[in-house]
């Protein structure tokens, strides 16, 4: 199990452009936050789709590395996202990931995305990741 | 039909954070480019997944607006992407979108993503968009 | 709310070829069972993919009609399924659907698929349905 | 390369319940037909979703085995399908698969589905398959 602090440091160093932060990680789950400011909005006063895709992708990555340790070359192999409701323009996006499968070479997880403080989710994603084989 | 110039201006104004540029648009297609620099890379010397998701999303948006005119509130309702090969770290990402359906309220399209100059695609996406009803 | 009995009768009459049966329905959920016999197997002694896709599709349909009443023309607009583990050849497939969104014209739900009596799911699907507009 | 006849015999023997037939296979493509009769219809006088999912799945399987030989344990790992138009109730469903990637252990392909003789596709699917490692 990898701690939130270790993962936060790893993301900061290896993904300096990433703006999502880790709220919690563990027990095959992860919660990630993305602040929403001018740069995240699109016409209609709502959050741009790629911001939510990014949150889903980061939440999956963090949930997996939280279980297997820092294996940076773990990569997304597929992502499917459904946008369900208009996100608020003045609330952060919160992504909550639950892993559905954690095999030796493949992980599958789902991410439910919320506008912070709103009950109904704004989007839902399912992603698969390939885990490189590694020495034991 | 909306011209490349009109769409480029619209993107620049309404999506100032967007880094993808339009190479061509028309005949239910669009080609979009995303430069690849330090900010787009991830461990493994390859392009980060969210960059490719963004290119797919923008290519779909541009292909649709190229047909229906600038209807900014056209929004992504789903996106499915499969990552197939490792993108080159020193080549731009090119996304080529073809619309599969352009209805009054729903559009569906596919996007094939390439590392510029490489024959085999790096990823493939299918997205759906909701088009708001509008006065005629 | 539509009862299990009403839905079972409706399926029997309108989808006579359907082999999936309703275990329960209500509170934005549905559980569906598909018996597994020779006709459901494929090489490798496992359940054929289309059987599981069918269970996912029926579970979504039943969960939606359980909420909105028998609106037969409610139709699937997309389905995404990930196969995660090999299903047992001698156990029924159980699909448990939870609706994520139930709007006036669009519903989204997820289905987790199990080999009966086995904890880890064999597959996971997300589907979207279009609900026709109807008199009130 | 595996011939249409060999694949047809293999399907007949190993998937006796399968009703889809192979029209052609080769050059990383396959065309599959599913007859449409009473058993394939659903309310609304249209073809049931699971029939189209089955055609997509079979077309992918045939296209892959057409390239790699008869490796029965090749299995679907994911399928994403978008339904775009109402299929005709009195026309067969034709699925045309093109492989996008054929790796040693993973294949990805897309399938466009038609009502025979109608230009605009009724659905579009993308699937991934795992190919078991095998002796050379």
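Things to note:
Per-chain residue numbering starts at 1, and chain names A, B, C and D are given in the order in which the chains are listed.
We take it that a contact is a pair of C-beta atoms (placed from the backbone, for glycine too) under 8 Å apart; a residue touches a chain by one contact, two chains touch by 3 or more.
Just so you know, these numbers come straight off a predicted model, no measurement behind them.
When each chain is reduced to the average of its Cα atoms, C sits farthest from subunit B. Interface comparison, A-D versus A-C: the higher count of C-beta contacts falls to A-C. Subunit A and subunit D have CA centres that are 33 Å apart. Our note on geometry: subunit C versus subunit D, Cα centroid distance of 21 Å, whole angstroms.
Subunit A and subunit C have CA centres that are 28 Å apart.
Multi-chain contact residues of subunit B (touching two or more other chains) are listed as 77-78, 80, 82, 128. Residue ranges on subunit D touching subunit A, taken from their complex, read 77-78, 80, 128.
Of all the residues in subunit D, the ones that touch subunit C in their complex are 14-17, 39-40, 42-44, 46, 48-50, 53-54, 57, 72-73, 75-83. Every residue of subunit A that touches subunit C in the complex is listed here, in rising order: 78, 80, 82, 84-85, 100-101, 108, 110, 112, 120-121, 124, 126, 128.
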